[in-house]
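All chains are identified by letter, namely A, B, C, D, E and F, in their written order; residue positions are counted from 1 within each chain.
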Amino acid sequence: MAEFFHMGGYGLYVWGSFGITALCMIAEPLLLRGRSQSIRKRIARMARVEQEVQQ
Amino acid sequence: MTPGSTSPSLQIDRLCCVRGDRTLFHDLSFAVSGGELLHLKGHNGSGKTTLLRALAGLLLPESGEIRWQGENIRALREEYARHLLYLGHHNGIKGDLTAVENLRIAAILDGYALDEETAWRILAEIGLRGHEDLPTKHLSQGQKRRVALARLLANRATVWVLDEPFTALDVAAVQLLQDVIHRHVADGGIAIVTTHQEVAMIGANTRTIELGRRDA
Amino acid sequence: MSSRLINWFKFSSPATFYPLARKISVASAVIAVVLIAVGLYMSFFVAPTDYKQGEGYRIIFVHVPASWMSMFIYLVMAAWAAMGLVFNTRLSAMMAQALAPTGAMFAFISLWTGSFWGKPMWGTWWVWDARITSELILLFLYLGYMALRAAIDDPRRGDRASAILLLVGVVNIPIIYYSVQWWNTLHQGSTIKMNAETTMDETMLITMLIMTLGFWAYSIAVAMARVRTVILERERTASWVRELGLAGS
Amino acid sequence: MLEPLYWIIRRDLTIAMRRRADVFTTLIFFVIVVSLFPLGIGPEPETLRQIAPGIVWVGALLASMLALEQIFSADHRDGTLEQMLLTPQPVSVLVVGKILAHWLVSGVPLVIMAPVLGLQYNLSADVLLVLMASLLLGTPALSLIGAIGAALTLGLRSGGVLLALLVLPLYIPVLIFGAGAVEATASGLGGQAHLSMLAAILVASLVLAPLATAAALRVAED
Amino acid sequence: MLEPLYWIIRRDLTIAMRRRADVFTTLIFFVIVVSLFPLGIGPEPETLRQIAPGIVWVGALLASMLALEQIFSADHRDGTLEQMLLTPQPVSVLVVGKILAHWLVSGVPLVIMAPVLGLQYNLSADVLLVLMASLLLGTPALSLIGAIGAALTLGLRSGGVLLALLVLPLYIPVLIFGAGAVEATASGLGGQAHLSMLAAILVASLVLAPLATAAALRVAED
Amino acid sequence: MTPGSTSPSLQIDRLCCVRGDRTLFHDLSFAVSGGELLHLKGHNGSGKTTLLRALAGLLLPESGEIRWQGENIRALREEYARHLLYLGHHNGIKGDLTAVENLRIAAILDGYALDEETAWRILAEIGLRGHEDLPTKHLSQGQKRRVALARLLANRATVWVLDEPFTALDVAAVQLLQDVIHRHVADGGIAIVTTHQEVAMIGANTRTIELGRRDA
């Protein structure tokens, strides 16, 4: 196992590369989720305000 | 002032303009033809400037059409520009050029030549005697506005679109400008004007359109 | 013919595209997860150790797909931009807008993994090689596009301005690419060349292909999800958005 | 079509003459930037001569880019640009006029000044000649390409820096061939090929840039 | 005296956050300019490593100067600067607040980014550390000195270039000691002395620049 | 509105202003004290803006003195600024901040705190309900002017120097602003106002000064 992570001496480089790639590709959807939720909340709030005005 | 076989006509068809979150107006339709003065009213923020910029072709409306002699102004472009004179909140004059130079260059770009003498005469008429060959950046607010308005006296355009032309003008200049507009309309031209001042824009051939309603 | 045209314009309306985008996004996400999982397994356990570069070469399995995606996405964006300018469809600009961050991210990954490869192979994090330099410039082009978009408040104005920028950029990309190539090769003394190691092993090639397809599916999934957000942001006042009933989520 | 072109150029040159300081400031920026490097790098003549073409070219490129920021912004602020879009003249013609006037005021002085700066770095006479030729072909291309960026960033608050971000990547081919021509001459390879590439870039941008700029201006005034 | 300072900083940071793109563009300008030089000069690693400190420093200097153009101009144009001069607060305090906010937004990112660019030029770890230290001391001094120039050129049309002209000569000592510190470290001499000089310049400009800037602002609004 | 043992007074003593080649006015002397509204009139270019900027201390006059409570304003500086509110042709608001933020930051720099609630109330009063937390760059001309004028409602300054405050305002807003000015004067404050509009600035305690003569 340790040998696997050692990568024949290239561990830092191989895992540095795959790690950042994984990090980016996981972070991007998460950030997107945050952005999506905030706009959804904003639309919901706008709808609520509108209803209150109508009443 | 307006030669041409058919009477000029500007048609606004189901126009809708949106700025930011708000729909300023929608399904706005009306027509203006030669000899008419359209006075656009509305409280602050009702969309007058927006409408005028759309009429000038500077702003792409969300939907709807503006037609000049039956054709969409987006398609006509330079052809429509030949008949149009727009004056916005900005004066559109260069501070480093003199009043005479400003007037002449504007004329040439509008497609006709204006000789030096005529330019001087027009500037005197609008009350800038003695200031004709100063760089306009040294003029006061109202004097700058007068330089911009001098184009009305020189121009041969049919459609005048004027956004708050009376701001910064003193009483004498307001009177003069009213006369100029009325003369243009009497000659068969079209004028579309916004103003908050209750000046005597009301003449025989004046139509008023009120935009917007006071919200909240 | 005409009915096809109508159909096309129907889907170019954000309101109709919104639910469709979700389906595409979910399907692509599933495909991406499967392909990338298989690709990763093959990268580490199936592909053999390179005789020259040892285990270090495995970086290739993310580096090359990321490089390819970064270039490909820019072209797709430019195509959408052109379509938006010609047909004046709002959705096209939104698609370009939705793709940009993903493209920039892949350009960044390409640079990062390239550096992490260069250090053990060449002993330095960076050389001014032609391909590397043009990848850096591509990243700048992405950043320029995104900065311009962010700087313009009015979305419709932003659409048209950034479309012009994309088209100007795409005309320039080949010029930039060849000029950089020329700059580098005409120069004496450029030390090391990035050369694909002789003939590539077949399993390596297949692994790389699988990873590329996985990245591709990932890009589609993310872009579709993002375009949904963009649509909501821009159409938040439209009646169809209100009828979605987002209050709960 | 030629008359409005002439008048636009005349107008812009008149304005430039009224503010003569403008003409010199671009030039002096160029001189200062190029002279700054020896201060940062150290005085070794051999190193300096080696990097001279690159530095002079980067200096010219930055100076031209900075000057470009002004090309439309003053007209935009005072509303004259808006009026230009409303004239019956084709916008791309007006754009060509403005770019040409701008180049005459800000580009030509750079071309003339460059040999003097080259002397500071010990470049030989024939290299200086090629340096001038490359700038003569390159700076108008920079102005044309840069005008697109200037139009796109018009009225945006972060104008100057954003312009740099948009335009500098597009300048790279000009930089490479420009500096390349000088370097090739210096190392005895002849800069002919590079100069022809520069000419090709100039022609291409002369055809395409005014159209893109005109489109961008219409968008900016929306 | 501290309350208005706090509020001015808070105000300017709020505005910067509303236009997040601004923060990044200065940074990216820095990155692009520094990456441009190899394209002009050629890719030889040895030459590049030799000139790296000078190039990174000149890049930081230009980026900081360009960003500075904006420090007062927006406030001048919309009339808020005029209003600030009419408040009962000492103008030099307001000026310090504005400069500090400006440095936080445009200077600090440069300091953080510099090591990455140093890597592109193959600088070693300890050299990179000194590079960061020199920028940390140097960039606030650049902002302080540059603010005087920004105030002097306020409202003049040729603002950007004229600013460069006024400010660059004053930047030269900062550049010499900043790049000098890095170079000395790279050649094994130790950059201590240079860094202390930088610190001295920073202190001096912290005392003098706000007063000069305040005076210049009063003149500009006359 | 104006506490203080002595009545406020502003004295202008033999003031002379020159712009470019022209002497706009010279030997101009007058005094304004608490409870007075000074209406500055004059045709375009007569020097009203110049005079107001001099009164605010923004412009150094060629000769002559402006005294606040008997002391030259150049000597007083921050002390005078505490009592002054100047509104020029520019609105002096940041487009990136909301109306509320603009109002509060202006208050803090003017040396007093304004809580969020009061700010909202004042903005509602001046007709900006629903626009309080939009970046002001998205407002129309008249709405921006209203944000600037909101400072009048929040401020505790004694001397108001207002350059064409009515421009871009609609009829309702003009009425409101007139009331605000009259109230300020009735409370013992000083207001110095220019306007070309013939609005009802004429009250019991209004003085008018006319600058310049129509030249040529």
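By our rule, a contact is a pair of C-beta atoms (placed from the backbone, for glycine too) under 8 Å apart; a residue touches a chain by one contact, two chains touch by 3 or more.
Not measured: the values here are computed from a predicted model.
Of all chains in the assembly, those touching subunit A and also subunit E are C. Counting steps between touching chains, the shortest path from subunit D to subunit F takes 2. Here the chain pair with the top count of touching C-beta pairs is D-E. By the residue-number overlap criterion, the interface of subunit B with subunit F counts as same, with over half of its numbers used by both chains. Relative orientation of subunit D and subunit E, expressed as the C-alpha superposition rotation angle, is 180° to the nearest 5. Ranked by how far their CA centres sit from the centre of subunit C, the chains are topped by F.
Centroid analysis (C-alpha atoms only) places A farthest from subunit B.
Once the centre of each chain is set as its mean CA position, subunit C and subunit E turn out to be 34 Å apart. With centres set at the average Cα position, the gap from subunit C to subunit D is 32 Å. Counting partner chains per residue, subunit D has residues 19, 74, 157-158, 162, 165, 168-169, 172, 176, 222 touching two or more of them.
For subunit B, residues touching at least two other chains, in rising order: 19-20, 60, 89. For subunit C, the set of residues that touch two or more other chains comprises 140, 143, 147, 151, 154, 156, 180, 183, 236-237.
Of all the residues in subunit D, the ones that touch subunit C in their complex are 148, 152-153, 156-158, 162, 165-166, 168-170, 172-173, 176-177, 180, 184, 187, 189, 197, 201, 208, 212, 215-216, 219-220, 222.
The touching residues of subunit E, when paired with subunit D in their complex, are 19, 21-22, 25-26, 28-29, 32-33, 36-37, 39-42, 47, 50-51, 53-55, 57-58, 61-63, 66-67, 69-70, 74, 157-158, 160-162, 164-165, 168-169, 172, 175-176, 179, 183.
For subunit C in complex with subunit A, the residues that touch the partner chain are 44, 49, 54-56, 58-59, 62-63, 66, 101-102, 105, 108-109, 112-113, 116-117, 119-120, 218, 222, 225-226, 228-229, 232-233, 236-237, 241-242, 246-247, 249. Only residues 19-20, 42-47, 49, 89, 127, 129-131, 134, 138-143, 145-146, 164, 167-174, 196-198, 214-216 of subunit F touch subunit B when the two sit together in their complex. Within the complex, the subunit C residues that touch subunit E are 115, 124-129, 133, 136, 140, 143, 147, 150-151, 180, 183-184, 187, 189-191.
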